[in-house]
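Everything below concerns the one structure shown next.
Naming follows writing order (A, B, C, D, E and F), and every chain is counted from residue 1.
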Amino acid sequence: MTRLGGMYGPDATFLGVPRADLSDPAGWAGTDVMIIGAPFDGGTSHRPGARFGPQAIRFTDYLPHDGSRPHLALRVDPLAELRVADAGDVEMPSGDTELSLRRLEQAVHRACHGGAIPVILGGDHTIALPDATGVARHDRFLQVGLRGYWPGPETLDWMAGQRMRSYEMTEVVARGLDECLSEAFAIATDECDGVFLSVDVDVVDPGMAPGTGTPEPGGLTSRQLLDAVRRIAMELPVAGIDVVEVAPPYDLAEVTAFLANRVVLEALSGIAWRRRRAASPAAEPGHAPESPLLSGRGPEVS
Amino acid sequence: MTRLGGMYGPDATFLGVPRADLSDPAGWAGTDVMIIGAPFDGGTSHRPGARFGPQAIRFTDYLPHDGSRPHLALRVDPLAELRVADAGDVEMPSGDTELSLRRLEQAVHRACHGGAIPVILGGDHTIALPDATGVARHDRFLQVGLRGYWPGPETLDWMAGQRMRSYEMTEVVARGLDECLSEAFAIATDECDGVFLSVDVDVVDPGMAPGTGTPEPGGLTSRQLLDAVRRIAMELPVAGIDVVEVAPPYDLAEVTAFLANRVVLEALSGIAWRRRRAASPAAEPGHAPESPLLSGRGPEVS
Amino acid sequence: MTRLGGMYGPDATFLGVPRADLSDPAGWAGTDVMIIGAPFDGGTSHRPGARFGPQAIRFTDYLPHDGSRPHLALRVDPLAELRVADAGDVEMPSGDTELSLRRLEQAVHRACHGGAIPVILGGDHTIALPDATGVARHDRFLQVGLRGYWPGPETLDWMAGQRMRSYEMTEVVARGLDECLSEAFAIATDECDGVFLSVDVDVVDPGMAPGTGTPEPGGLTSRQLLDAVRRIAMELPVAGIDVVEVAPPYDLAEVTAFLANRVVLEALSGIAWRRRRAASPAAEPGHAPESPLLSGRGPEVS
Amino acid sequence: MTRLGGMYGPDATFLGVPRADLSDPAGWAGTDVMIIGAPFDGGTSHRPGARFGPQAIRFTDYLPHDGSRPHLALRVDPLAELRVADAGDVEMPSGDTELSLRRLEQAVHRACHGGAIPVILGGDHTIALPDATGVARHDRFLQVGLRGYWPGPETLDWMAGQRMRSYEMTEVVARGLDECLSEAFAIATDECDGVFLSVDVDVVDPGMAPGTGTPEPGGLTSRQLLDAVRRIAMELPVAGIDVVEVAPPYDLAEVTAFLANRVVLEALSGIAWRRRRAASPAAEPGHAPESPLLSGRGPEVS
Amino acid sequence: MTRLGGMYGPDATFLGVPRADLSDPAGWAGTDVMIIGAPFDGGTSHRPGARFGPQAIRFTDYLPHDGSRPHLALRVDPLAELRVADAGDVEMPSGDTELSLRRLEQAVHRACHGGAIPVILGGDHTIALPDATGVARHDRFLQVGLRGYWPGPETLDWMAGQRMRSYEMTEVVARGLDECLSEAFAIATDECDGVFLSVDVDVVDPGMAPGTGTPEPGGLTSRQLLDAVRRIAMELPVAGIDVVEVAPPYDLAEVTAFLANRVVLEALSGIAWRRRRAASPAAEPGHAPESPLLSGRGPEVS
Amino acid sequence: MTRLGGMYGPDATFLGVPRADLSDPAGWAGTDVMIIGAPFDGGTSHRPGARFGPQAIRFTDYLPHDGSRPHLALRVDPLAELRVADAGDVEMPSGDTELSLRRLEQAVHRACHGGAIPVILGGDHTIALPDATGVARHDRFLQVGLRGYWPGPETLDWMAGQRMRSYEMTEVVARGLDECLSEAFAIATDECDGVFLSVDVDVVDPGMAPGTGTPEPGGLTSRQLLDAVRRIAMELPVAGIDVVEVAPPYDLAEVTAFLANRVVLEALSGIAWRRRRAASPAAEPGHAPESPLLSGRGPEVS
């Protein structure tokens, strides 16, 4: 069902982590995080190109592909502390939506069934549904950063009826992102044992993240997105992640691909941080991210 | 004097609204808002290209050109609630400044005379004067977001003598954009029955809006501009609008064109919101923009 | 040792200031600020191109190259009030790091020895060491805006042992840039008679400043960088400046080159402002940057 | 089945020709040429973006959209001499290949049934089959300009068995394009009453036509393609045309879109020229394209 | 009337040749060739940007700006053998066509009056008329490389009446560029004592020279243009040259600017070659351009 | 000395061929062709970026990375018929030219010593010397496609003294590339048992291959380069190959990377074709490249 390697371009893994074959669960037993490529853009209503997203997110970095990424603020190395593997791309022909999404859902399900947190690299936003369905836990639906001129009242009524909670940018600006997230976290974990984090990079302003399919001005800054992703991964029980709508043909100097790569790393770093703390709940974490970078490691400067 | 259709490129209207012929006022009687293209860049001191601005602002969207744009936060549909028409481009040869600006002023005047709020799509910033003059109400001059290395003391003295009020970025950062706007609103409406909103997209940082003629680093974010435009349209009696200095040759993935398109939509949405409230002053507006998106429309989630 | 003119491209100076020949100190006696080009990118670990940085920073502007730049907020004209000269580029073959950096250090030393504040236009970040060494005062090392996935714990321990003080972005976000700077200023001037300001443009988010060698998402905004540079130059005794990692091949519409040009102008403006105040310490400066732009210059509007 | 207007972006026709509604044949009776947009890229094996091809081909020109295009060499005006109409885009969701291609075939069939030569603006190369099938005459399959590393021997054997005739670039270079075309014309018209001209823009070297899905170096020049298209339209009974694989996201300064627009104009000019000659077979055509441009129109210069 | 230095950007000369002040003819007495910048794009019917052409043509090179350019095939060094000076840009505001063109014509006239061959760096194609008029010799009008869908029959009749001779691309392809040039040379020198060479870079295919205002596919190759320019300068008495329609905003990697720079160098090299031969008519030129590069300079290899 | 994998970016091989470790010759015994990456750009006199050339050449293709590339004209599959391996990149810091070139020469020497033809993917043109030296056979120096304004007479005299044979573009145009190549082949094989083919992609016109360091207008077409490479590999005993000066930062839509990838494939295809013919000299090769593509494989069409 799945294939090893990239559907488009060279056969290499996310920043050099080991390869896994989803059809051979024994081969990757004990894996904490499974990278899965979803190179599909048949569902975008406007600009295609997200089929090249998985490779862009996997490869874009100025650091060597050496399996180590020490997080400067969190003091964890997610690629060293977590067992991360890459299953390559699911074969998803963009001209056959139904087949493609079914294959993806099965791949995600296999990863979860094997005990790994799936991290799906999209692909356009239509993959979010099979991603979440493949995880198959009781997720609640939350949205942050919505804005623009769609949808109309009927759809909004339906969404309200589904007990969704959506934070439009006006509310985010008025209350602050941090406060919105805190409230959202309370909702998200109510009656839920896991959350699925779906990051559509178009939540960031297209002036900062141009490589996307449906650019809507007035979004978050990259800094805000990375902080939000980090907080979610540190504070919530993340059961799955996807990063969607990275469209390299519209990108410049790979800035959007860099951002998406960092979204993955921030999420993995937060997960690693949370696991470390869970492993020794009595102990204080060695380093608060917002404290001075070098404190406690040598003679203080002031 | 005016021409129907685009001076450069295909003949289509702003997001598909109906066409109007300015020389035939009876044909568009009752129109609330008149889109006017001003494809002129003979006045720019540096990068030309704003002649292609009107078409870029008219056409750039990922949604269908179907005459409907329900605003997610304001809960109004400006293209459905206002009668918006598009008069096409004024014929403005960039090599003949005087002729071009005179034609534009006449076109703006005709629109106002016919009872419509003119929304002029520039074009470089030299069109702002005929735009405002064509509106011909008693406007006061306000500036927000200035910065940089020009002009010198003599010009500043002259500006002060004109009783202008300008908010340089240092003041905007120190006091906050919201507070500056509140103060500016008090000034703007003092003794005035209408304000002309001139949006130079270079008020936004060129890192976020690169497609412009004279990029000056250190500007607003796109979010700040959209919020300011919306507030102005919701709180002030807007008598005319222009959006200038969109220079597509320097744009990337149309991010600046998208931003300018949204500036128009935010302004129209604010006008529609203000009119709806004015129509039923006793009633509370149905939805406060900064309140939760789905509140009051179904069972609350928390 | 040095050469007159640009190593790559036309022979012209920073915004039209006079030329100086470093090997002839008498020819530029009395110069306050010496521009020095360091067109070297042999030290970058990833994207080259910073060799074209000096010319991009010198030439990028939409205003005429006329030796005048009145600062709108500070009310100083740094190119008129300071004696600024341009020594052209140091001949730095990118394939010979040792030779190149030695030449640069000598050039910087000559400028300082002649009484000028050197402003070095990079070039990649490896030039920062010879820049600071050439200045040869007792500098303390401060870093603002760090982030990302490098370096590891050993290097951090060593940095802490060197009594460095680094402000990672998480701390900057949590405390605010202004508060971090205030604290940093106290540290920087403790026991020091001069500070060296090294601006790596990659401190700004690559979404806003894409033309750089090692883009790390989640950085400052352009506005924040300019404000920080201005404050540093206004409040600290700046002994030297460099601006590094401008890589034009990855830039768009010259937005990163514009930003770097403005970093230089903000720094020079701050120096001019500080000197003017020092010249007449009893008098209040004529204009507080954050006060209304036109106050005190004519009849107030409100 | 079909829709009026563009599936993506503004609603305007090919260079301003009249609109036609395929479902209302009476409305366009007598139309010679029917433009049909096929905005589909679900079939491309690599780079998507051809969904934006129809609009790019329709709109890209530096001349006004005024329904007149006098051909400098052929001395015909195809938009004035032929009755050309534009049926807008067929609604072709890229994620549903089967539905999309079926709709396209029906649209092409309707145009032919109504007596018009269909000119289909793609879209990726998978639309060529429904295009040709919709025309439903006895076409022979010819290929010019093939090159590269695909397909393997089995497919080639099958192609030979189909009595195809393919001109690989090596043969084109060795014999000359003109000679190959002459031979191909003899084959094409053998037993056939009409030929379908399918122009894949990737036949041109990607260095000259970068905006395409599967760029293979070593192709024709733009001049060669235009000359070939013109000859085909002048010498063969063209029953239908498509232009495929224009992928605007990869284009530069619209050069590929310009080329595709000119492919359409050259074809229509050739058809007009052929019709004019057929209408008065006894008379010499007024102007041989390769003769001096101004001969016979005034006193000769030499 | 004229100004020294660049109207846009840094003040430097064509590849480092000396500066001249047109208003001081004594200062440049004896100059053979006078470079004049014409940064005007108010006359373009479509894409502006040619105002930046003069600087792009002056500065674009990968070789040092050192006043030496030994031509590999012709064995002349035009910058060493001819006295070339650069008068900077004429001040030409793009919004005032009449004033701009009048100033240019005067500048060209001054250069000619002082005995120099003017080489005007455009600017859009409207500058060709004042360029030729300023030269004020009896020139005949020839055109090579025309193509496309403009103008109509009336204009063609008028052109024929003017005894123009135009080589449309179809004729160029059919007869070969070399034969067309040979014929054109005979016409051009009939009754004329000098020819004005006007090179519109859009004669080259836009796929190879994208940075231009009105791109028409199907043009010459760069090689063909350079060969034609070289032949013209070697074989005809060139009295003036302009290079127009270089529009840097649409260029890629400066390929069009490079081409235009080389057009100037080929023309100057041809002029130098012709002068050298005229100086010693009895002697054989030392090197035939089409002979082996290294023949006659050492032991032959074969 | 060498490293496995890419110095910049992901670890994958040329189109998916097997990996080899140069320090373990036994591991790749029997390899016919050894790909070696030389990611060095410290030697370029102008635009850097060729350090990213090896990865661009390895990865750029629209076909799957599956180890098969059937050549349409030659009817060989170079990746299937030759044993091709990829040794990854030599570790070449661009700031240390001497060290880098020494390492490269050793790597090339090892490949040759092990019996493989080295195919070096550059990297800038300074790598050509260690490439050829590492091959260490008696090569003669030939150059095709030179043009431009460098070097001067002294260097040309020296070159002539070295018995070099250089074909400047003027000669190539006058005599035709094919005739020049035929003559060059006679020279090249005189007294030589192997030739080193060094392909500088800047031999192609920068309008068609913009992604290079020192673009000189007036070059070959891509078609000409591919034909020349193919002929050389088919007719001469190629002992080594390099492809240099691919600079991805200046490329568009990867057209230059595609071209360089095809240069490698054409060369390997020619080698495979030559070996197949050498293996059965009596037999006629099955297919002449310039004959009709499908002849001899089915019923002929005409």
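Structural remarks
Everything below uses one rule, namely that a residue touches a chain if its C-beta (ideal position, glycine included) is under 8 Å from a C-beta of that chain, and two chains touch if they have at least 3 such contacts.
The structure presented is a predicted model; accordingly, all values stated were derived computationally and were not measured.
Contact with subunit B and subunit E alike is made by C, D.
Contact with both subunit B and subunit D is made by A, E. Remark: rotation between subunit C and subunit F after Cα superposition is 180° (nearest 5). Relative to the C-alpha centre of subunit F, the farthest chain centre belongs to B. Looking at which positions face the partner, subunit A and subunit D present mostly the same ones, since more than half of the interface numbers are shared.
Subunit D and subunit E have Cα centroids separated by 36 Å. A straight line joining the Cα centres of subunit C and subunit E is 41 Å long. If you average the Cα atoms of subunit A and of subunit E, the two centres end up 56 Å apart. Each of residues 46-47, 205, 207-208, 210, 221, 250, 252 in subunit B touches at least two other chains.
Inter-chain contacts, as defined above, occur between A-B, A-C, A-D, A-F, B-C, B-D, B-E, C-E, C-F, D-E, D-F, E-F.
Against subunit B, the residues of subunit E that register as touching in their complex are 8, 41-44, 46-49, 51, 94-97, 126, 249-250.
The part of subunit B that touches subunit D in the complex is made up of residues 5-6, 9-13, 16, 58-59, 61, 65.
By the touch criterion given at the top, residues 45-47, 146-153, 156-157, 159-171, 173-175, 183, 186-187, 190, 205-208, 210-211, 213-219, 221, 250-252 of subunit B touch subunit C in their complex. On the subunit B side of its complex with subunit A, the touching residues are 62-63, 68-73, 75, 77, 204-205, 207-210, 221-223, 226-227, 252-256, 258-259, 262, 265, 289-295, 297-302.
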